[in-house]
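Below you'll find the structures, each written out as structure tokens.
Here come two complexes built around chain A, the first alongside chain B, the second alongside chain C.
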Partner chain A sequence: MTTSSQVRKVEVKPNYENVAWKWMRYSGIALIPLAWTHVLIKDIVVGVHAIDLEYVIVQWSSIGWQVFDILLLAFAFAHGMNGLRQVSFDFIHGAGARKAVSWGLFVMWLVISAMGAIAIIAAAQNHLANL
Partner chain B sequence: MTSLVDSFRTTMRGYLTYRGREGHLAFLLHRLTGLGTLLFLIIHIVDTSFVYFAPHLYAETIELYRSTPFMIGEIFLVFSVIYHGVNGVRIAVVDMWLPHKWTLTAQKNWTRWAVLITIVLWLPAAFIMFRSMLVHNFGFGG
Partner chain C sequence: MEVNLRIFRYNPEAGRNKPSYDNYTLEADPTDRVLDLLELVKSYHDGTLSFRRSCAHGVCGSDAMRINGRNYLACKVLVQDVGNNITVEPILGMQIIKDMIVDMEPFFESYRSISPFLVNDEIPEDGKERLQTIEQRERFDDTTKCILCAACTTSCPSFWSNDEFVGPATIVNAHRFIFDSRDTAPEKRLDILNEESGAWKCRTAFNCTQACPREIHVTQAIAEVKNALTTGRLD
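And now, the complex of A and B:
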């Protein structure tokens, strides 16, 4: 009788799905410090009643927090959108339909990521210039 | 179109009627918390980008987040982020470093631990957020 404790190793040629599989695991682990720190500070310690435009501008005047938020944006949103792609494949089986959904999600990811990244990089500078 | 509806029904029936106990529930909760967090994340990235693109609108969206329904939603959001993280670490660690732990008995235990750790981390966070809601939205003394 074979037991499930015997692990069979198989060499897999890297392809998109293989990279995406690894991405979900590594980005997921990176998101434990990134997302949890973000939630701990913003939702629990500071709280939504203490957050306003000034708070965000001050935060983004710091290069350290800009880098933190860019990393959080990059890891969290790409993790989430690829997760949605995987869930959608449970319901969509045709190769053509899967391709269309993947491209749609990719464009959505690109546009929203760009919006977030531009705001993180430019908001503080823009605000200072307008003072 | 019929095939799309059939496919949806078949997949949903599988999701709901598969009787895999801990593993099944962990899977469903992982999906729900992931999709819920993503839905919020999309809205959150866009509204936060208003700080640059439409600063005058940012105050209005923050006002929405301060409302009671959103603060209750926030408590569930934090649950989702904690559970998805703890359960995700379980999956990642076993997949990548401890594949011999992919056994039914081991993962039943790991899943129970994941839920327990989630609740232990979530309760104090939920308490603080609920208290903040009572103080700010219902005038309880801070």
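And now, the complex of A and C:
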């Protein structure tokens, strides 16, 4: 019997939906260690009642924690924004309106993530300047 | 046993312009099918009651309807499975023409869009047959069982909200050919399912898997298509 046993592979051009779907999965995977480490340290090891401004400033003086918290904010917010985009499409059916919503949510993600990153870095620099 | 049957009615031709419900109290056996009850009403109570049925044995897929809020084939679900208070309504997300009869054309238009037939213009090596291994045939065996009843598509919350969504049934039937080693047009089908109205609209609600009267693992088939869309692999 002659049958083809080689792996069949095709070329699928990635588009916005394809990339957005992958992004939800990859950011979801990245959020598992980020979110659980955050919960473990802030809520269990340290405890929320022990966290004050001093604790946050000292923690953000470490470049590792700066990167960690910026990534946590960016990934979690992007994950949520893409979810919101999907849900909003259940109610918004016009192509133009969908495009506007997509861009609006993207800009919102960019602004909030940038503000968070600036706050984290500025707080750390302020702490170092006061040492 | 006594069964309280509540049937959705809409028949503009007979002056029933607004959707309403008719109630019947019938004597039935627990092993009677819901289709038997509808036949009883049509034959002895109200001949204007309209619903699709053909083989009445779960093969033709004509009589998908909402029974107590869930999609079933009326010919496959027994009275003992749904209790003695039964509400029968048309499947959701389609234009209702009359009683349980909905306009299936958008459903079949979506189905036709993915070329649901084997595409291969090459001449087989022996000039007669395109052979497959048992494993190659098993790869798409589950999705060959679809009878196009639309129970999956019309149970999908994403389809209810987005009628441009191709729906689970179309993806299942695309799966049947995409993973067939004899087929030469998987890219064409995947390009259609890669669009915004394609497989990405699936939110993995699993309603389709629950609704399928042929017990096809619909959500799994959709996940396999998504995997092919992201990796290009068809093994």
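We adopt the following convention: the second predicted complex is superposed on the first by the 116 of 131 C-alpha atoms of A that agree within 3 Å, B and C clash if a C-alpha of one lies under 4 Å from a C-alpha of the other, contacts with A are read in each partner's own complex, and residues count from 1 in each chain.
Note that a contact is a pair of C-beta atoms (placed from the backbone, for glycine too) under 8 Å apart; a residue touches a chain by one contact, two chains touch by 3 or more.
A quick note: this is a predicted structure, and the numbers were derived from the prediction, not measured.
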item: Which of chain B and chain C A:57 touches, first, second, both or neither; value: first
item: Touching partner for A:106 - first (chain B), second (chain C), both, neither; value: neither
item: Touched partner set for A:12, first chain B, second chain C, both or neither; value: second
item: Contacts of A:93 with chain B and chain C, given as first, second, both or neither; value: both
item: Partner chain(s) touched by A:32 [first = chain B, second = chain C, both, neither]; value: first
item: Residues of chain A touched, compared between chain B and chain C (which is higher); value: B
item: Footprint overlap on chain A, comparing chain B with chain C; value: 4-5, 7, 90-91, 93
item: Complex interface listing, chain B residues touching chain A; value: 4, 7-8, 11, 31, 34-35, 37-38, 41-42, 45-46, 48-53, 55, 58-59, 62, 65-66, 70-71, 74, 77-78, 81-82, 85, 88-89, 91-92, 95-96, 99-100, 102-104, 125, 128-129, 132, 136
item: Residues of chain C defined as touching chain A within the complex; value: 125-126, 131-133, 136, 158, 161-162, 164, 181, 186-187, 190-191, 194-196, 198, 200, 203, 226, 228-230, 232-235
item: Touching residues on chain A, where the partner in the complex is chain C; value: 1-5, 7-13, 15-18, 20-22, 86, 89-91, 93
item: Residues of chain A that touch chain B when the two form their complex; value: 4-7, 24-26, 28-29, 31-32, 35-36, 39-40, 43-44, 47-49, 51-53, 56-57, 60, 73, 76-77, 80-81, 83-84, 87, 90-93, 112-113, 115-116, 118-119, 122-123, 126-127
